[in-house]
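Both of the next two complexes hold chain A, though its partner changes from chain B to chain C.
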Partner chain A sequence: MDVRQLGDGTVRVTFIGRLDTPGVGRVETQFTACCVPSGHNVLVDLSQVEFIGSLGVRMFIAVARSLARKNARLFLIAPQDQVREVFEHVSLDELIPICADEAEAQSALGA
Partner chain B sequence: MAREEAAIAHHVLRFAAASASFEAAAEAFRAALDACGARGRARYNAELVFEEIVSNVVRHGDAGAIDVSLACEPDADRIVLTFDDDGPPFDPLEQPLPGRPASIEEAPLGGLGLVLVRKASTSLRYERTGEGKNRLTVALAST
Partner chain C sequence: MDLDGPATHISVRAAPPMERRELVHYLVMTEGGQPGRRILLERATLTIGRDPSRDVVLSDPDISRLHACLWVSDGQVMVEDQSSTNGTFIDGHRIAGPAVLGVGSLLGLGHHVLKLERRSRREVERAEQIQRDLERASHYVQSLLPAPLVDGPIRTDWQFHPSAQLGGDAFGYDRLDADTFAMYLLDVSGHGAGAAMHSVSVMSVLRQRALPDVDLREPAQVLASLNAMFQMDRHDGLFFTMWYGVYHATHRTLRYACGGHHPGYLVAGGPAGATAMPLKTRGLMVGATPEARYRVGEATVPQGSALYMFSDGVFEIMATDRQWRLADFIPLLTDRHDDDAGCLPESTRLYNAVRAAARRGPLDDDFSLVVVTFA
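Our next item is the complex of A and B:
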């Protein structure tokens, strides 16, 4: 997991590998701690995530909800097809924006 | 017909229903999928169903052991998984599914795993076996 602060205060988080039960266990505390307290918008790069299960989905719901309470937003960027299908299966794609790339997310933030 | 039956690859895994066993069991399961040549959507969905069913049994099932059998057709386009555990009777198909949330505030944090299992599979069957085990049989396909 890589965390970068972008110029406008937005936080970009890049996950790599598997967001299964062991994978989420390794990153969830750090992910929540780096994103929620500051209340900045968060861009999550999923392009290098090969697998996500319900625990990973649940992690993103919890953080997106906490951010929404601070008037900030979470964007999911470039998920692989089968990862994207998981979000669609639970209708999360209707609640958390899924963008093709970072530029699309930045554009939505500026709109 | 007999020749086709013989070509189906079978793998059986047995492990303790405990959090400490999960990661090694998942790695063994992925190795069995590799041996079958499973790939694409059926492969992903097999990993997804394993993740959700096994983690559910480990967290809630009060079981001692889990047996997972994997049957792959020769081209691995169709995969059948069977999960047996010795916990109390639990039929995942009778559990209510969360509704479609209207906002992120209303999005459920529980019950997502069973939604994913239903969406990922082409058929699901639960039975309580004569040996007093829960058995869930899940079929998966590439399309």
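Our next item is the complex of A and C:
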């Protein structure tokens, strides 16, 4: 997991590998800690994530809900086909914006 | 959380009692006849083989009568093949002569794989207690599942195989009145006793028809009411996905709704030569947000059709070469040959097909599959 803060305070998080049960177990605490307390918007780059399970979905929902209480937003960016398929099954886009790339997310933030 | 299984203590010769905090070596069976079986390695030589006289007896035709020996030397576990027919492997590599078995390494013999762990007895006792709790939770969930319906115009058969960590799968079906028959399958996010307790809570509400002011014949109403009742903020951060359907016999229609669940599939007129029609509506996981809205879909049910409801553990398997997805599983629904008919229950046929595709060892998640056939 790679975490960077952009110029406007937005946090960009890049995950690599599998967000299955052990994968989520390794990153969830750190992900939550680096996203939620500051209350900044968060962009999550999923382009290098090859699998996501229900715990991964739950992690994103929990953080998105926490950010919403601070008037901040979570964006999921560039999921691979297999990950996108899971998001479609759970209709996640009804809760969290899923963007093709960072520019689309930045555009949505600016709108 | 350690979720290993019950221990089998092999004491080759009398050994002095060890402190419970002292680290000792265990072999833990990860593949083979008794997954989770734990074998304590004391300082003496340990023999493994098919012969009943061995210290560890593994019933496996690919294991020799005396297959391998292990012993601890200078704090390291050593292993040596005993001229077995099919060899002894460490992390997939066949050994020749005495070899060190490192902590975390996998020892392969025949169809069995044993992982070496070094832990204290106290840790092991704690892990065993957790495992016993999980087994009790698993048995409780299974006791609430409905019996297969083997007579009448609507028949069911199912498979429920909890994973070692126990997921939160559950399902049910019931006749609501003379014309309607309800069926559902749910999958709680997460694993362990907490997820199982959550699924039991949901199942109990549905079994007792305890949703206030809800017509159980209306799938969207049911999901919306469950969503209001089981918001994750009040349920330890848990939500669940659900497929819920109601069959109306008079009109031969099936009305259904999805709460963050992948589709159910309707195979018209029996699997042979048919296509699998996805039954899917958009809707968020149940409990994820109070604002979730659920939609209803409807399908006609031709005579002899079969409906398949299943959890993601059925298709999110690691095959021998890659991760499966839903599209890998769906062809199995219609891949039934005429000579299969009557040989195996449909759910058993599919379970066997998935196991054959999956890499060896236990499945990662609960396997829950319900087949409902309509005469």
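Criterion: the second predicted complex is superposed on the first by the 111 of 111 C-alpha atoms of A that agree within 3 Å, B and C clash if a C-alpha of one lies under 4 Å from a C-alpha of the other, contacts with A are read in each partner's own complex, and residues count from 1 in each chain.
Rule of thumb we're sticking to: a contact is a pair of C-beta atoms (placed from the backbone, for glycine too) under 8 Å apart; a residue touches a chain by one contact, two chains touch by 3 or more.
Small disclaimer: the values here were computed from a predicted structure and weren't measured.
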* Room on chain A for both chain B and chain C (clash or fit) -> clash
* Answer with first, second, both or neither: which of chain B and chain C does A:29 touch in the superposed model? => neither
* **Touching partner for A:96 - first (chain B), second (chain C), both, neither** => first
* Examine A:53 and indicate which partner it touches, taking first as chain B and second as chain C; both and neither are also allowed. => both
* Touching partner for A:62 - first (chain B), second (chain C), both, neither -> both
* Asked: With the two structures laid over each other on chain A, which partner does A:21 touch: chain B (first), chain C (second), both, or neither?
  -> both
* Asked: What is the shared patch of chain A, the residues that chain B and chain C both contact?
  -> 20-21, 51, 53-55, 57-58, 61-62, 65, 82, 89-92, 95
* In their shared complex, at which residues does chain C touch chain A? -> 165, 187, 189-191, 232, 237, 239, 241, 260-262, 282-285, 288-289, 292, 312, 316, 323, 325-326, 364-365
* Structure fact -> Per the touch rule above, chain B residues touching chain A in the complex are 22-23, 26, 41, 44, 47-48, 51-52, 55, 100-101, 103-105, 107, 109, 112-113, 115-116, 119-120
* Could you please specify the touching residues of chain A with respect to chain B in the complex? => 20-22, 51, 53-55, 57-58, 61-62, 64-65, 68, 82, 86, 89-92, 95-96
* Structure fact -> Given the complex, residues on chain A that touch chain C span 20-21, 50-51, 53-55, 57-58, 61-62, 65, 82, 85, 89-92, 94-95
